[in-house]
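Some notes on the structure that comes next.
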Amino acid sequence: MTGTELALQLGDDALIAAQRLAEWSARAPSMEEDVALANIALDQLGAARLFLAEVGDEDELAFLRADHEFRNCLLVELPNGPYRGDLDFGWTIAKLLFLSSAQLLRYRTIAAEGGPLAPIAAKVAKESAYHVDHASRWTIRLGDGTPESHDRMAAAVEGLWAYSSEVCDDRAAWLALIEPVLAEATLPRPADGPVRDGGRAGRHTEHLSYLLGEMQVLHRAHPGAQW
Amino acid sequence: RTAEETFEAVIAADQKVEPRDWMPDAYRKGLIRQIAQHAHSEIIGMQPEGNWITRAPSLKRKAILLAKVQDEAGHGLYLYAAAETLGISRDELVDALLTGRQKYSSIFNYPTLTWADMGAIGWLVDGAAIVNQVPICRCSYGPYARAMIRICKEESFHQRQGYEILYTLSNGTAAQHEMAQESINRWWYPSLAMFGPPDADSTHSAQSMAWKIKRHSNDELRQRFVDMCVPQAEVLGLTIPDPELRWNEERGHHDYTSPDFEELMRVVKGDGPCNAERMAHRRRAHTDGAWVRAAAEAYAAKHDGSDR
Amino acid sequence: MTGTELALQLGDDALIAAQRLAEWSARAPSMEEDVALANIALDQLGAARLFLAEVGDEDELAFLRADHEFRNCLLVELPNGPYRGDLDFGWTIAKLLFLSSAQLLRYRTIAAEGGPLAPIAAKVAKESAYHVDHASRWTIRLGDGTPESHDRMAAAVEGLWAYSSEVCDDRAAWLALIEPVLAEATLPRPADGPVRDGGRAGRHTEHLSYLLGEMQVLHRAHPGAQW
Amino acid sequence: RTAEETFEAVIAADQKVEPRDWMPDAYRKGLIRQIAQHAHSEIIGMQPEGNWITRAPSLKRKAILLAKVQDEAGHGLYLYAAAETLGISRDELVDALLTGRQKYSSIFNYPTLTWADMGAIGWLVDGAAIVNQVPICRCSYGPYARAMIRICKEESFHQRQGYEILYTLSNGTAAQHEMAQESINRWWYPSLAMFGPPDADSTHSAQSMAWKIKRHSNDELRQRFVDMCVPQAEVLGLTIPDPELRWNEERGHHDYTSPDFEELMRVVKGDGPCNAERMAHRRRAHTDGAWVRAAAEAYAAKHDGSDR
């Protein structure tokens, strides 16, 4: 993988994740969680800007590419629930757990390898550790909370599992982070079945073009304008 | 000295009343009402701006707006905590909001229709809020005064960001300039109405003044706001939509057209363009989150109250 | 009101209504209703095209105007439920009842007056009569169905009532159509309170810019292209 | 003659079996399975195209697409009605779909990613469907044959509309042409797979042929489809993404690369890109509509079964 491709993957993962998290604005289950989700969205957006700026103009990349030009994994573009328009907190937490664990691993590897992206990766890895911690705590609380929350969290983990292999480079290391969390959450670890991927090659789900349509609408309506 | 004399002496000496001090019941109730309304306004106020986060036209602006809305949630949290020092729980206050027994600022019942509204809300709405709130930093109730100091610092940061959005739009393309002007046209009078009814019609004020909760009249603050905005509008290159607006040498202030207070009263009563939606949104978030809050409680109970 | 303004009002009402109805595609409560809602959406879209073509190029008008340039009443741009993303069948039926009754009255008046829009109005009035019938039957079935459906239908009528005055020219005639339906549906006729309007003057709700963002995204991405 | 002899005679004479006629149990079951799968495909098939109705790039195209998706719902209704003549209720069939006991065409488990997919589905997917279905218009079971006549007429209309979309795109801007080609690249092999596994691996076929439910083998139909598409692609100015595609003078047919039947089997088993979403969508619509259907039943019961 070229450095450009890697920066796009990391930047697009973070950007699309930030956009989905931002949909929770003023709709979280508690005010504290409104603050926390916004915080994580801001971290993701910040990381996206750093990585994209390594490759080109951050706004051109964010606002003027078509969906097949994005290199994010499918996981991040999925809605905040099994269905478009849903806001399911358990689903969002499972997405965050899967993503942030993968980000933490990728960032640490890149930082250790010392290439051109290493300084950025070292910086954002610290934030990822907080995201992993936040998602893990909620996974455990929901999994080991009420029967309803257990079932909802289990359904989210099950429903998203097929998307989890595309998210990381080193699946064994990723599983080593995830499995203890699921165990403490009293959640079954889903069986590995068929995999949903294609995002790294620009083959996305039907969801991404809707997300981009909303994200890009204003920027595209005023070509060349400054904001 | 009696408890009441001590209280009066603290007020007279411009010192702070603290949670454990004795205070008159009406002082406590009035403060709860005011702080709660302020807290509710921060929480409801997340919605009109939240409406543009996913569509912000640059990543930098998206980050700034996300951070601003996050700050509002944070302000809500400080303020509910300040109210709690007066012996009421956050749950009770949230319930009072959701059932409509307590109000929030009527300004948030207007829709955000364009990106320029993110500028106008920052410049005008946050600007008016600051003019209202700076004197509260010297309010006689300690926890409220301290919360306000922190909030005002962040609000003036937000106001500058809003101003900068408008400045960029005003100096951008023709369409952007027009968008900025149209937004000011919609937000100017509702912002003036944020200072409340004219002094002649204002309730609560005299006692609040005596207790040093409030320090200036509605009309004084409104005038201060108008005088502050006029030169800023000039720098922005935008026109305040008031043909009567002019400098009055004699008064040393600008003359201006009062907002439509009947409209204000209608919006306060629930008949603004977005009252129903704002409340429905808040209730929906509260209801949809119930299973999550229940799970967190169940988990904490199982694990001896420890959080993992 | 100028003829242009009138054609825009009628065209935009029908266009935005069609767009909202189309959101039901493959999601209606029954297959028969999937067919029926698509049918009504098609009628509305057909009417929109006829009226807009009287004023200019239908696609330029539909795809290249900003929200403040649309002249539809607020009712039609509201989502298919009390909340963005909702698909509430009772809410959709109440919207259709209010709209189609107003359209029927306006179309008949315009047809009778014999101006330039009269031939179009006469044609589409026939379709409106079917829409009114369909919406009335469902209002009655839901209102006089189960306790749940009664409550949902009553909430929809109540929640939309404030938007109903902008939709018509002759409120008395409109009420004369609506009130008997509500009575047969055993639904309370809401009290007239404050009114929500502004759409005819281009002052819309927060919903319209989202709707247009989605509707216009592809057309705007390819300026000048033919389809 | 026995009932069975009568049945065999009707088949042999190329006449129609009608609902009240005696028929072998396997004939009845096989037909139910086939008609139901066809009906389910129409209903699930509304989703990939429904995905672009709200974003259609012109009002004319929006109307055509809306009408097409509506036709699919209509086809579903005819076909469920045809299946019902065999003694099974629509509710049972819908339940078999929602619980996954019966299948729908795997082609609908691929996503529609661009507007050009509305063209490719029309040209290739509907085109393949027609090649499959035209012979069924002569099927031995009367109600199915008659439903297919009506459906094929509409399908060929849809196919022309899809072709026209692609033609316009191919002859439009460079971006439009590229969009059309990219779409063909994605849909070509899945369309070839619509004819089912190669004859060597095909189950059900021999008996279906004997009973004149099926009249041509999978590979015969696939070849017919390829031969039909090649000249059409030339007129479109689009390239079929098969480097092995060429005219074979000797066979009088085009040679072509077979689709990946292992992929087909994976998708049939449920592992296509959209299987989970398509089923979740259908189940959600069914569940969300339950209160409406219950209300309609309650109303009808109250009013003596009359509908108002």
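Per-chain numbering from 1; labels A, B, C and D assigned in written order.
Just so it is clear, contacts are C-beta pairs under 8 Å (C-beta built on N, C-alpha and C of every residue); 3 or more make two chains touch, one makes a residue touch a chain.
In this text, all values refer to a predicted model and were calculated from it rather than measured experimentally.
Taken together, subunit B and subunit D share the touching chains A, C. More inter-chain C-beta contacts link the pair A-B than the other of A-B and B-C. Each chain gets a centre from the mean of its Cα atoms; for subunit A and subunit C, those two points are 39 Å apart. Subunit C and subunit D have Cα centroids separated by 33 Å.
Rounded to a whole number, the gap between the C-alpha centres of subunit B and subunit C is 37 angstrom. Residue positions of subunit A with contacts to 2 or more other chains are 213-214, 217.
The set of subunit B residues that touch two or more partner chains comprises 55, 281, 284. Residues 43, 46-47, 50, 53-63, 66-67, 69-70, 73-74, 76-77, 80, 115, 165, 168, 172-173, 175-176, 281, 284-285, 288-299, 302, 307-308 of subunit D are the ones that touch subunit C when the two sit in their complex. Against subunit D, in their complex, subunit A makes its touches with residues 67-68, 82-83, 159, 162, 193-194, 196, 198, 203-206, 209, 213. If you check the complex, the residues on subunit A that touch subunit B are 15, 18-19, 22-23, 25-35, 38-39, 41-42, 45-46, 48-49, 52, 58-59, 62-63, 87, 89-90, 137, 140-142, 144-146, 148-149, 152, 214-215, 217-219, 222, 224-227. For subunit C in complex with subunit A, the residues that touch the partner chain are 66, 84-85, 210, 213-214, 217, 220-221. On the subunit B side of its complex with subunit C, the touching residues are 51, 55, 111-114, 182, 266, 271, 273-274, 276-277, 280-281, 284.
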